[in-house]
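By written order: A, B, C and D. Residues from 1 in each chain.
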Amino acid sequence: MTLDTVKHATETPESAQPWAELGLKEDEYARIREILGRRPTGAELAMYSVMWSEHCSYKSSKVHLKQFGEKAPENDALLVGIGENAGVVDVGQGYAVTFKVESHNHPSYIEPYQGAATGVGGIVRDILAMGARPVAVVDPLRFGAADHPDTKRVLPGVVAGIGGYGNCLGLPNIGGEVVFDACYQGNPLVNAGCIGVMKHEDIHLAKASGAGNKVILYGARTGGDGIGGVSVLASETFDDSKPTKRPAVQVGDPFQEKLLIECTLEIFQEKLVAGIQDLGGAGLSCATSELASAGSGGMRVELDSVPLRDATLSPEEILMSESQERMCAIVEPQHVERFMEICEKWDVIATVIGEVTDGERLEIFWHGEQIVDVPPRTVAHEGPVYQRPYARPDWQDALQADDAGKLPRPTGGEELKQQVLQLVGHPNQASKAWITDQYDRFVQGNTVLAQPEDAGMVRIDADTNLGVALATDGNGRYAKLDPYAGAQLALAEAYRNVAASGAKPLAVSDCLNFGSPEDPAVMWQFAEATRGLADACQTLGTPVTGGNVSLYNQTGETAIHPTPVVAVLGVIDDVTRRTPIGFAEEGQLIYLLGDTREEFGGSAWSQVVHEHLGGLPPQVDLERERLLAEILISASRDGMIDAAHDLSDGGLIQALVESCLRGGTGARLVVPDALDAFTFLFSESAGRAVVAVPRSEEVRFTDMCTVRGLPATRIGVVDGEEIDIQGEFSIPLSELRTAHEGTIPGLIA
Amino acid sequence: MTSRIGVITFPGTLDDRDTQRAVGLAGAEAVPLWHRDKDLKQVDAVVLPGGFSYGDYLRAGAISRFSPVMETVIEQAKAGLPVLGICNGFQVLTETHLLPGAMLRNNHLHFICRDQKLRVENASTAWTADYEAGQEISIPLKNIDGRYTADERTLDELEAEGRVVFRYLDGNPNGSLRDIAGITNAAGNVVGLMPHPEHAVEPLIGTGRTDGLGFFTSILKKLVGA
Amino acid sequence: MARVVVDVMLKPEILDPQGQAVQRALPRLGFEGIADVRQGKRFELEVEGPVDEAALARVHEMAGTFLANTVIEDFTVRVES
Amino acid sequence: MARVVVDVMLKPEILDPQGQAVQRALPRLGFEGIADVRQGKRFELEVEGPVDEAALARVHEMAGTFLANTVIEDFTVRVES
C-alpha cells in the first residue's frame, strides 16, 4: 500500500476514505476537508477521528460543562482551573495539590483486570504531568447486582487490577465506593482518582513553546494497544474488513510507570522541562496536538524515531496507539543531555522525536515524507460541539409520584431489628474490607485516615502536619429520581465527609457517568446534573477544578442510572486533630446534628426491604451543609468531639453501626420525642452527622451549636457491647459484625 | 558520630523513603544506597526495604538479587554486617540464600493489607534487642507473596536454633509454614520479615501505633554499644 | 490417569512486561544472545478416564473459557506422554 | 533463531493454591473428571545462533539460577520444533 502523504492526498482528492468506520459523521468529515482545503491523509484522518470522538472532544457535554467555569465561585485557592490535565489548588505553606477522577468503564467490562489497572495508570500520569508527586488514589466502583454471575467475573478482576497497579506504584488507596445495582449490569463503572502534591513553583503545564525546543517521547515502547479501529486504515482497501491483529485492550506495566514517576520527578526537580503531557487516550495524536495547540509555535515530528514494540505498525497506528506508561516532554536543547542521563539512570527509554517550530502547523513525517500538516488547534481544541436535544423523560413524573413514604413500614421492635440487620448486611451497606484489604493503604507512611473512614486523609508535610483529605460520593438512585438534586446530594455528601474528618472542603473534581447522549432523556439527565452540580459548587464556594465525562454507559435502550460521582478535596492544618468515625470511649455522649424528616425516596431502606425506587430524593439545603461543616471543623480543631460520622445511605442506624464496629464499642440510644423510631433510624435526610462528645466538652459543644443555629440532639451514650434502642430492640455487636462483614466475602469468595 | 544505616533503592522499591524516615526517628543517619553502586558508603548496617522491585516480575526479589549492590551486601553480610530485609527485602534475602527458604503466593491468592499481630520469638538479634522475647507487637502487613516455605529439615533447624524471629498471631494471614513471619541467619546479623516495622513508627500515622520503632532503636544501640 | 498440558501465552501483540523484565536482566547475569523472552502459564491437568477426542474437546473448551483469557491470551492443549 | 522453552513447576510437595483454586472451580463451570491441576510458568526464549549443546547448557544454567528458584521449583528445558 502506498504511503498516503500530504502530496498524495492533494493529488487524489476523490480517493474514498473510511471516515464512517472511524466514527466520524458526514458533516465532520466535510469540515476536516474544509479546514485542510483538501482531503485528509490517512494519518490526519486518524488523528481527527480520535480527537473528535466523544471521549476526547467532549462534543456532547461541552456546552453543559461550561457552567463549571461560568458559575465558578471566587476562590483564591484555585491555581489552575479546568482545561489542564488536572486542576491545582493552593493548600498553604507553599504547597499546591492537584487531583482528579477519571473513568475507565468500558475497558474494565471487557478485560476487568487490565481495564481497571490501566485506569489507575492513566489518572496517575495526569497528576504527574502537572508537576506533582502522586500521593494517594481512590476508586469509586459500581457493579451489577451482587449475586449476578457476571459480577463474580468483573468485581474480583477490577479489584485485583486496581490493587495490582496501585500497590506496585506505591500509592496508598485511601477511599472510594462500592455500589451494586442491576442498572450497572454490562456497564460497570470503574472510576479512579489520584491526588498529587507539589510546591507552587513546580506546577507544569501541557504546552509546547520556544522554537528549537526538543520534543521527547519517553517511557514504554509503542505497541499496537487500543488501536483496533484504526487498523482499517492499514488494510489494503478500505472496504476490506479483514480481521485485525491489533488488540483493543491495553495492558499495563506498573513497574514501568513507577520508574516513569521517579524519573519524571527527578527531571522536574532539575527544572529540565518547558512543557509536559502524559500519553493517554489517543496517544501521540493527542499529546502532540494538545502540546502544539496550547503553545505558541508549531511542531515537527519524525514518526520514524518513535521506539516500537511491534515493527509492523503503520504510521497511522503509531499515532493512535494507546500504549501505556509514556510521557511527552518539551525540553530546551541545552537540557536534553541531562534529561537523557536521568532517563538512563531509571532505565527509561527516551527519544527525541521532533521539535517546536516557529510555524503554526503540526507537521509529521514518515520516512522523510510528510503525512500530517494541520493547524493543531483544529485537532485538539476546536472539535465539533453539539447542542444535543434533551427532554425530561415522560416517565419522570410517574417515578417521582411513586412515593416511598407509602411503603409498609416495620411495626414494632422485632421487625425494626430484622430490617436493621438486613440493611447493614446488604451488599451496598456491608463492609467493603474484603476489597479494601487488597489495597495498600500504608505505603508512603503518611496515611492518617483510610477506609472505612468518612474521608481519606494524608499528611503532606511531616514537620508542620499539614494534610489533605478526599472523599468521593455519588448516588445514582437519587440522581435517577431527580438528576439536579442527585448531583447536589453527591456533592453535599462528599463535602460533609471531608468536614466530618476535620478538613475544610476546598475544591471539587467529578466523573459524570451517563448513558447515551443521543437519547434526549439521558441528555436531560446530564444537563440537569451538571446544572445542579455547578449551582451547588457556586453556593458552597468549592470550584470544579476538572473531571471526566463517561457517556454511552448503556446496553441497548437501557441506560445506567445517571451517576455523577463527586470528589471533594479538603485541607487540614494539623492532621493530629483529625476526627475518626469510630466510637472508642465509653461514656461519651452521642449527638445527632441536623434535622430528620420523613425522607425515604431512593433510600437504602426502600431498596433493601422493598426493592423500590420512587418518589423524591432527600431535600437539599446547602446552607445547612455549610453550617454543619463549619461546626464539625471547629469542633475537631478545638477538641470538642472525638468521633464524627456523616449520615447518608442507610441513615442514622447505618452510621451508628459503622461507628460502633470501628471503635469496638456499643451504644445506648433513645428515640427523640419528636420522631418515631423508624424515621429516626432509617430516614436519609441530608445535612446530618453523628458525633461523640466527651462529657467534659458537652456544654461548650452544645453552646456552639445553639449560638450558630445548628440543631443538636443528644440521642445516647457510647456504652456496652450492643446497640440498644431503648424500648425497641438491642443487637449485640458480634451479631452486627457478622451481618456487616460476612456479606461480601460470602458473595465473591 | 552517629551510626549510618544504608537504605537500598532498587527500581520499584516503594518504602525506601519511609525506612529512611524511621531510621532518622530512631536517631541514626539514613544513607541512601543505589542498586547500581557496589559501594556501600561505609554504612554500619543495611536495610532492604519493601516494594515491588522489578515489578516482582519472575518472582519477588529474583531480579534485584543480581544487582551490583547485592554483591557487596552478600559479601559483607557473611562477614557480619547487620542486614534487615522487610517484605520485598526479605524476598531478596531468600533469593540470595542469605536466609533459607522461599516465599510463595499467599494461600488465598490475594494481596492482603492489614494490621498484623506478631510475637517476637527471638529478642537477641541485631534488629530485635529492644524487644523482649514473647512480646506481642502489631505492625502493618501488606503483600501478595508472603507465604514462607522451607523443607521440614530446614524448618526444624530454624526452630531448634531459635532462628524463627517472629510468628504471626491471631490467624495466619498467608499460609506461612509454622506461622513464620520472620527469621534470622545463624549469626543473628541478617533478619528478614514480611510485615513492615517502618510503617509503625509514628503515632496517628498508619495504624497509629509505634511498635515498629524498636527495630531501628535496636540496631542503633547495638552499633553505638559496639 | 493421563496428563494434559495447557500452555497459555499472551498474544504476540500484547505487552509482556514480565518477559521483558526477564530479558533485560539476562545480560547482567552474563547470559547473552537471547533475543526475546515471553512468559506464560503452564497448567498440568490430571484427567480421569480415557483422553479421547471428546475429553480433549472438553479441555479445549475449558482452556478457552476459563484457563486462558482469550481477549489477551492464546493457548495450546496437548497430551503429555 | 530457535525457540527454547523452559517449563517451571512448583515441586510436587509444595502447596499450589493457584492450581487448587482452578481445580475447585472446574466442577462449578461444568467440567468434571479433572483429578488434579498444577499451575506453573512457561518461558519461551528466542535464542540467537545455533542451539547446540553449549547453548542448551547455558539455558540450563540460566534456568537453574534465575528462571526457577530450585528451593521450591523444578524445571525442564527443551527446544521447540
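As a convention for this text, contacts are C-beta pairs under 8 Å (C-beta built on N, C-alpha and C of every residue); 3 or more make two chains touch, one makes a residue touch a chain.
The UniProt protein names, listed by chain, are A = Phosphoribosylformylglycinamidine synthase subunit PurL; B = Phosphoribosylformylglycinamidine synthase subunit PurQ; C, D = Phosphoribosylformylglycinamidine synthase subunit PurS.
The structure displayed is predicted, hence computed values, not measured ones.
Shared contact partners of chain A and chain B, listed by label, are C. Chain C and chain D have centres, each the mean of its CA atoms, that are 9 Å apart. Separation between the centroids of chain B and chain D, computed from CA atoms only, is 30 Å. The distance from the centre of chain B to the centre of chain C, each centre being the mean of the chain's C-alpha atoms, comes to 34 Å.
Multi-chain contact residues of chain D (touching two or more other chains) are listed as 66-67.
Contacts with at least two other chains are made by residues 54-55, 57-58, 66 of chain B. Along chain A, residues 253, 255-256, 347 each make contact with two or more other chains. Every pair of chains that touch is listed here: A-B, A-C, B-C, B-D, C-D.
Per the touch definition, chain D reaches chain C in the complex via residues 1, 7-9, 19, 22, 25-26, 29, 31, 33-49, 55, 58, 61-62, 65-67.
Chain contact summary for the complex, chain A toward chain C: residues 110-111, 114, 220, 223-225, 245-247, 249, 251, 253, 255-256, 309-310, 323-324, 347.
Note for the complex: chain B touches chain A at residues 11-12, 14-15, 17-18, 21, 51-52, 54-57, 110-114, 140, 142, 144, 196, 198-199, 201-202, 204-207.
Every residue of chain B that touches chain C in the complex is listed here, in rising order: 54-55, 57-58, 63, 66-67. If you check the complex, the residues on chain C that touch chain B are 17-18, 21-22, 25, 28-29, 39.
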